[in-house]
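You will see subunit A twice below: alongside subunit B first, and alongside subunit C after that.
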Partner chain A sequence: MSNWKAGVLLFGPLALLLIGVFLVPVLLLAPTSFHEYAPGVGIVANSWTLENYARIVTDDYYREVVWRTLYLGLGVTVSCLLLGYPVAYLIVRGPARLRLPLTLLVIFPLMLNLVVRSFGWIALLSNRGLVNNFLIQTGLIGAPLKLMFNLTGLMIGMTHIYLPFMVLMLVAALQNVPRDVEAAAATLGSSRSHVFTSVTLPLTAPGIISGSILVFVLTISALVTPRMLGGPTYKVMATLIYDEYMQLLDWPSGSALSFSLTVIAIAIIWASSRITKRWAGMA
Partner chain B sequence: MSSLKLDHLSKHYGEAVIVRDLSLEIANGEFVSLLGPSGCGKTTVLRMVAGLIAPTGGKITIGEREITVLPPNKRRIGLVFQSYALFPHLTVFENVAFGLRRQGVKGSELEKRVKDALALVRLDAFGDRYPRQMSGGQQQRVAMARAIAPRPDVLLFDEPLSNLDAKLRDEMQIELKRLQRELGITTLFVTHDQAEALSLSDRVCVMAHGNIEQFAAPEDIYHRPATAFVASFIGKPNRLAGKVASRNGAGGTVEIGGGVTLNADRLDVATGGEVELFLRQEAIELRTTPTEGPVNSIPGTVQLRSFSGAHVQYVVRIGANTEIVVEAPSSGAASNLEKDASVYLAVAPANVFALAAAEGARS
Partner chain C sequence: MKITTRIAKATALAGAMLLPAAASAEELVVGAFGGSFAENAKACYVEPFEKATGATVTLKLANSSQHAAAVRATAGESDMDVIFMDDAFAAQLKNEGLTEKLDRSKLTHADEIVPDAWGADDAYVVAMLSATTIVYNPQTVTTPPTSWKDLFDPKYAGRVTIGDISGTTGWQFLMAVNKMEGGSLDDITPGLKAIKPLAENSVVLYTQADQVVSLFERGEVDIAVWYPDRAGVAAQKGLPVAVAYPQEGAVAIKPSVVMPKGTQRSDLALKFIDQVLSAESQKCFSEAAFIGSVNKDVKLSDEVSKIVPTDEVVKKLLFLDPNTMSQKLPEWTRQWQREVAR
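The block that comes next holds the complex of A and B.
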């Protein structure tokens, strides 16, 4: 009983905060998402409709934004994984003197403001940015490449921003792989690459999955970077929700989109944690 | 099946010398232990044979194949780790099948050989389990089956029983001995446990500070230690300082102060030389009357008695305030001596080890 009390006391403050500033507003939004919206008038009282949700699935524009968001999430996750794994491997298994500098290098971007980092990418990627200027001056291309206000720009910028999370998760996972187990595989006839694919990779799977969940969820819910690198026209769900609320004042539609995004995120976390459990059960 | 030969093997880390110019030959099918305190270089030797550490110098040969620079996967060795090192994400069957699959064994042949290997360690019924569902002893048996299954040329054991509790360790020791005899695979076994090394091995190699101190049959190691280090490391010795009083053929007499002298069968130091004297607790007999003849008989007084089941330990004071620990069987005549009782220590000259004093031998 005292355990239970201690638990309540420990969890209480956080629970109150979450209920007050997260759960209640979310629940207040729920009815809003089922109201009709009349341009110029606002929310039509006592009107109930599923249209806000139906539109996300049926309307071509909304559908494109949803797919784009998921595609972006997937792309950023995969590139973070592909870029992050070698870095994490080097941090854990490389020379000891590289460990601290590399870790700092990975963490350092996290100390800079998100807006600053996104502006940095604008300076690099815009039509007259550093990258295009360099390529044009060296004569490699004639006209500037379109690196911003499209998927390329968002992928580059967001991969950079979320890479540290992936690397830190993978470092933790790699540190948990016992060296003796890898050595055992080697003495049993595994080449270095086979040791990696048959032992190291499966044993780091929990880290790969949790890192991927983290990056995916952060990416599909990100607002600032897509807004800055995607511009006013190239939208993802988060920027669309923002515009629905703040510019079109279409709160019902924005709420429906918000809920859809939340449901997607929760569904993905749930599915992945099921997979993780299966992996972790073995590891 | 092959012999294993280490030829002037050495390993340095910068200035630190871990293994110094070590040469060792293990015959086909022989079971050899590397025995020594931690930090003596025994595990480094084993890991160099396994290919997990690159030697600084020297040669390693299995049979006719030189393997010094081969990667571990090309050496055809089986390695059993102290930490078991099973694949946690694979079943017991798949763990044992791992090495066989690398050799291209498939289908019913694979099934049969995994079953055979598991039967050898009496885990036939456990193929579907995951390592985490098994006890430490079972896991170590799986690790042995996994190492044996691909029929390696040489088996290597890195303190495989150290993580098990004492009772299980004794059982596993017997099982391991039976297994190795049955298979006849050349085996190098690393341990810091002398009882383990002596009972399992055909020959024991005692190491200290990266050197071989003595490489001989267990009986020789125990009864005829070659160096002060071996004498101090094996058994439960009382250690005394002495001076050679006289020589007599291969043996002689040593004085340990307080007018006490001991006859030793073997003595390599000239008259007047300093020696270290080792008297095993279990090689001393306590008697209530002096003994005639060649056996050393030293008068003393019982200071302390401590009963530990099979044995009784006595602390006996002899000569000028020298204390000697004696271990007597608790079923024997000398099992119930009181404090301050007058006794005579009887030690055969063959059990008096008088060896040239060595630097840092007590490490």
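The block that comes next holds the complex of A and C.
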């Protein structure tokens, strides 16, 4: 009984906060998403329709944006993982003198405002940006490369912005791997690469998965960076929702899209936590 | 426990003492556009108003659709008392029943205002006149453009910028081209078809008016669809830009003032609107912002008259019905997203 009480006390404040500022507002959106919207007149009271949801599936533009968002999430997650794992490995296993500077280097971008970081990328990636100017001046290319308002720009910008989250998760996971287990495998004749693939990697699986979930969910729900680097021509779900709400004033349609995004995110978190259990269980 | 009670008591007491004081100071919250608009509004509207009434004005900055969204979100209990927004959004709020009728009898300057400035049922009043037109760099474009068609000239490919449909110039230019190509309000396909190649040749579909300043500054564009007022201010600061009005007619932009439903200070709000409409404030704002005035008694300086839409230009201006616009815009935006910006 006292255990149960302690549990409630420990979890209570967070639960109240989540219910108050997340769950209730999200549920309040639910009725709106089933209303009709009459342009120029407003939300039609007492009208009920499934069209806002049907459109997300039937309209090929919305479908394209949904797939693009998921694809972007996957791309950013994979590149964060590929770039982040070696860094995390170096921080944990590398020379001790590198640990602090590397960790600071990883954390440092987090101290800058998101808008500032995105502007930095605009300065680098635009048609007359640093990257294009350098490439043109050195004669490597004739016309500027299109690095903004497309998948390339968003991938570069968002990988940079979410890399610290991945690295920090991986560092924690790698620190938890007992060196004895690796040593035991090596003593028994395993090559270094075999030790890594069959011992270290599976033991860091929880870190890999939680880092990936974090980066994926942050990416598909990001608004500021896609607005700045994607512009009006390269929309993702978050920017589309913003437009439906703030520009078209079509709140029902925006609410339906928000719900779909929430459901997708929750489904992915649920599926990945199942995968983690299996993978980590196997090791 | 005792200390907590004491703190709570002290807080309650302090609150009780502070609250009436805060409520008695007359404060007006005005929704306005950002950038130079806000600066000019402060100098031409807010300062004389504060001097005359002793009230204080707080500006809340956002664009038209954001203000409209905020008014709807607070349905009938808006935290703003007066809001500047484009006429299409003012008409939308009127249709949603979220505006207060402007009582002309309480506006001393009502008679000096051009009759066309009043919205349906006096739900809003147009506060200034600008346009969507052509702006070019006179150093690189030697013959001034005379038609919307000049923008499509192949020599400007990759040296031109037009606005995304989310901004006023975006949908207004679409309407102008659509009309030129023989389309109608029910069928904008001709306009979309004609604009698509231009959008592809455009350096960027700008979403913020100020983006265009840096495009001209860095010499990335020679010609743009933009606002004469922004161009006038920029030219005054030394940017090489000039304004040309196309022979087919530029499109009228009518930033308006509304009083959202539920304002607790409608008398003070009307006084502010009266200040906005006064010849003194109209002249001040027009000359600072290079924008047309709606007060018949205002005489503008030559420098400003060169830029703002005046008699000949106004006769040709394309006036779009705000009601129709607010009803059609969402559909057009969706078509634009799919067929032009994809």
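Here is the rule we use: the second predicted complex is superposed on the first by the 261 of 283 C-alpha atoms of A that agree within 3 Å, B and C clash if a C-alpha of one lies under 4 Å from a C-alpha of the other, contacts with A are read in each partner's own complex, and residues count from 1 in each chain.
Just so it is clear, contacts are C-beta pairs under 8 Å (C-beta built on N, C-alpha and C of every residue); 3 or more make two chains touch, one makes a residue touch a chain.
Small disclaimer: the values here were computed from a predicted structure and weren't measured.
**Q** With both structures lined up on subunit A, is it a clash or a fit for subunit B and subunit C?
**A** fit
**Q** For A:Asn127 in the superposed arrangement: first (subunit B), second (subunit C), both or neither?
**A** A:Asn127: touches subunit C, not subunit B.
**Q** If you stack the two complexes on chain A, which partner ends up touching A:Thr187: first (subunit B), second (subunit C), both, or neither?
**A** After superposing on A, A:Thr187 lies in contact with subunit B but is clear of subunit C.
**Q** Report for A:Tyr245: first if it touches subunit B alone, second if subunit C alone, otherwise both or neither.
**A** After superposition on chain A, A:Tyr245 lies in contact with subunit C alone.
**Q** Between subunit B (first) and subunit C (second), which does A:Val199 come into contact with in this model arrangement: first, second, both, or neither?
**A** Once the two structures are laid over each other on A, A:Val199 reaches subunit B alone.
**Q** I'd like to know which partner A:Gly40 touches here: subunit B for first, subunit C for second, both or neither.
**A** The second partner, subunit C, only.
**Q** Looking at A:Pro232 after the superposition, I want to know if it touches subunit B, subunit C, both of them or none. Which is it: first, second, both, neither?
**A** second
**Q** How wide is the angle at subunit A between subunit B and subunit C, using CA centres, rounded to the nearest 10°?
**A** Superposed on A, the angle at subunit A reads 150 degrees.
**Q** Considering the aligned complexes, could you tell me the closest Cα pair distance between subunit B and subunit C in angstrom?
**A** Once the two complexes are overlaid, subunit B and subunit C approach no closer than 48 Å between C-alpha atoms.
**Q** I'd like to check the shared interface: which positions of subunit A are touched by both subunit B and subunit C across the two complexes?
**A** Common to the two interfaces on subunit A: nothing.
**Q** State the interface residues of subunit A toward subunit C in the complex, per the touch definition above.
**A** So the residues of subunit A in touch with subunit C come to 37, 39-42, 61, 127-128, 149, 231-233, 235, 243, 245-251.
**Q** Along subunit A, where are the residues that touch subunit B in the complex?
**A** 178, 180-181, 183-192, 194, 198-199, 202-203, 279, 282-283
**Q** Please give the residue numbers of subunit B that touch subunit A in the complex, ascending.
**A** Against subunit A, subunit B makes touches at 50-52, 71-73, 75, 77-79, 81, 83, 85-90, 98-99, 102-103, 130, 143, 146-147, 150, 156.
**Q** Show which residues of subunit C lie in contact with subunit A when the two form their complex.
**A** Listed in rising order, the residues of subunit C that touch subunit A are 65-66, 68-69, 72, 91-92, 95-96, 164-166, 203-205, 207, 218, 220, 323, 326-331, 333-334, 337-338, 341-342.
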